[in-house]
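Every chain is named by a letter (A, B, C and D) in the order it is written, and numbering of its residues begins at 1.
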């Protein structure tokens, strides 16, 4: 029998290794798997590469991982946001690496990893600093940059509801990176607000089929 | 005497160029104002790169949903006919040329249509790009909305950008507090000017060489 | 006001030019836009390139287009199926071109077109006849074939329900190529079984947002 | 005396190697039989490349839905927990390594794990490939289920394939009516053999040179 539900946040993040690449969902405050990130903080893995849209704000979630010197490198589209004080402090001190990736390319690189593709050419970033050192090819008269797939060892994702097969639906704009990150990681760990019975999710409206999900833990809506 | 337009007046002018039924992405900052001044006679579908199509206005106080935010991380609403989708699909819409109009802010625009609107200084602040590059390369029409000069009076419309580029050769039209300019094969062509402004005055605050249309129109200052 | 509904099948296919590349949805009998294909037959456009999974069967839909010598080339994954007599006859006579593409690559190439990408590397087809003449690159120790985007001038898609904005939901496995083809064509034409009011489709369950759709026509369920 | 296993007996043997909870794609033809003989003690999620996960058995007569078909275009059903998705996503699952086991038929398999199962003759019949190449390159384990020889007695297990390849170096294990063979660094290693069959007899119907495991097991002929 398939049952991807786990009993605790500690079970959800068990086994994540030092040096892992961790994809963390969320955009601003929306769709951030806050409780999973805090569980990872408690779990202890360090020397992490974190792939995420923002570098956290204040003292919570990704900012806390950074503050505790658990993140070696962040792969990110918009690290400098209101309250991203820990990232900025460590970045200035040269204590954290930053790979800056345009937002659509960040998402598309994870999709390529999940889709088993070897990379793609995109016009985004051509003729800019972010194309430096990258292969550029003119396609249809326009310069394109070659971008590599970006797989994760682990993805931490927040969804709304799940069944025991790991099928997921999300809530409003909290969906953001979740469906793509779920495809791109070896181990996909999801926190949801509610478990439902198998068959209760409309098969036409499942957003992430359970094949992409390994563990699901329930966390009360905040 | 130079009488620059207010931000809202510039927004009104931009709004006039948005046709009924258009799919529009409004960048963070000044461009957001455009949404408030589009007339009720037009049905515009607003896109947000975090995964929303059919964004409505800000919710009433107390009605905010932290998972329903726009790209600027402000609470929004969804109109009937709106939909949610994941991040990768949101950027398919942008990069794939499905957005009719992207309205962007700018630090600098070159006479070749190059846009610089993401960083001014790579040394002391961590760089952050977000969706700026995707918006600039992908929309069918890229409109820039900006003050004509910086706060300390330096020109923003230049022969060549001196700040790092967001994208090359993408800007179609620029709306400033002094003028409306098309970007064409001969560089900037002035279409409309603020009331009372002379061509010499406009050229004096513009580093790029201006061409004037045969029928330059006076901008409505309101 | 946005209203993508058209009154007749003739209106739906109006303006499709000779020489157009037409993406036709469906897999086997499931999700084939039969009525739209027959309307295209009546409309008269010829010298078409048709992109579709199967080359039609019997005398209906794509088979009828082929029989009437309206298809110059078919881009297809599985042209030889039970009853694909017209395709086989013209292929043997050298009267129709065939570009054979692995099914996942066919779909991914259309996605690349819709997503504004310049192409991608895939392991599918490497070391086979279908890689002949194509660029091959070893990525991660494994040979990958470079594949180009495959855009359409027109897509003919069958969906289940639509609203006036062109938002679509599909029915069961009839979804197949529809959502991808809708993104990949300049003109996307959809036949649905039912129109619904704006707001009646669940925004969490819209499969194809209306931004990808140009015309929708209602056809009674067969 | 050679006593080959029936197709169903081979299917039963394959089914034994499919663990509880696996995501499985069964190719068209013989592999489909596997679904009928997996025991009720296992919960298997069947994938169909036209966009279904959680496929159930054939519907009762009269209950068929032409829009709910499998890759072989036969009517199927959906289990509770199943979901529908579009074609491109179906191939993300395949190419991206998310399918645990792909069971495929074969014209030929080489001792290096090359698979030929799509065409035998490129001159007189139009070629057709479908999803064969994607299934062969993407699944975590590729199992081949085939008769040991062709109908007219020619070997299918060869030093090198003579038919055009589907993919190179992908086959993990082969199940025939005479034997179960792993594909390893030394070529085919016989793990199990049909009752009464001698090693010499097996080698005589196999063009590739066989290695025999230390503990060759007798296959259950039922």
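Here is the rule we use: a contact is a pair of C-beta atoms (placed from the backbone, for glycine too) under 8 Å apart; a residue touches a chain by one contact, two chains touch by 3 or more.
Everything quoted here is computed from the prediction, not taken from an experiment.
Undergrad: Under the touch criterion given at the top, what is the topological distance in steps from chain B to chain D?
TA: The distance in steps between these two chains is 2.
Undergrad: Would you mind telling me which chain pair, A-B or B-C, is linked by more contacting C-beta pairs?
TA: More C-beta contacts join the chains of A-B.
Undergrad: Please report how many Å separate the Cα centroid of chain A from that of chain C, as a whole number.
TA: 32
Undergrad: Determine the centre-to-centre distance between chain C and chain D, using the mean Cα coordinates as centres, and give it in whole Å.
TA: 29
Undergrad: Any idea how many Å lie between the Cα centroids of chain B and chain C?
TA: Roughly 35 Å, centre to centre.
Undergrad: What are the residues of chain D that contact at least two other chains?
TA: Counting only residues that touch two or more other chains, chain D contributes 78, 84-85, 91, 94-95, 137-138.
Undergrad: Touching two or more other chains, which residues of chain C qualify?
TA: Chain C, residues with two or more chain partners: 108, 111, 115-117, 122-123, 170-172, 204, 207.
Undergrad: Once the touch criterion is applied, which pairs of chains come out as touching?
TA: Here the touching chain pairs work out to A-B, A-C, A-D, B-C, C-D.
Undergrad: For the complex, which residues does chain D have touching chain C?
TA: 48-52, 65-69, 73, 78, 84-88, 90-91, 94-95, 114, 122, 124-134, 137-138, 164-168
Undergrad: List the residues on chain C that touch chain D in their complex, please.
TA: 27-31, 55, 77-81, 87-88, 91-92, 98, 100-105, 107-108, 110-111, 122-130, 170-180, 207
Undergrad: Which stretch or stretches of chain D touch chain A in the complex?
TA: Those in contact with chain A are residues 20-21, 23, 43, 45, 47, 53-54, 78, 80-85, 91-99, 137-138.
Undergrad: So in the complex, the part of chain C that touches chain A is made up of which residues?
TA: 108, 112, 115-123, 137, 139-140, 142, 144, 169-172, 202, 204-205, 207
Undergrad: So in the complex, the part of chain A that touches chain D is made up of which residues?
TA: 1-2, 111, 113-117, 163-165, 167, 183, 198-199, 201, 203-204, 206, 209-212
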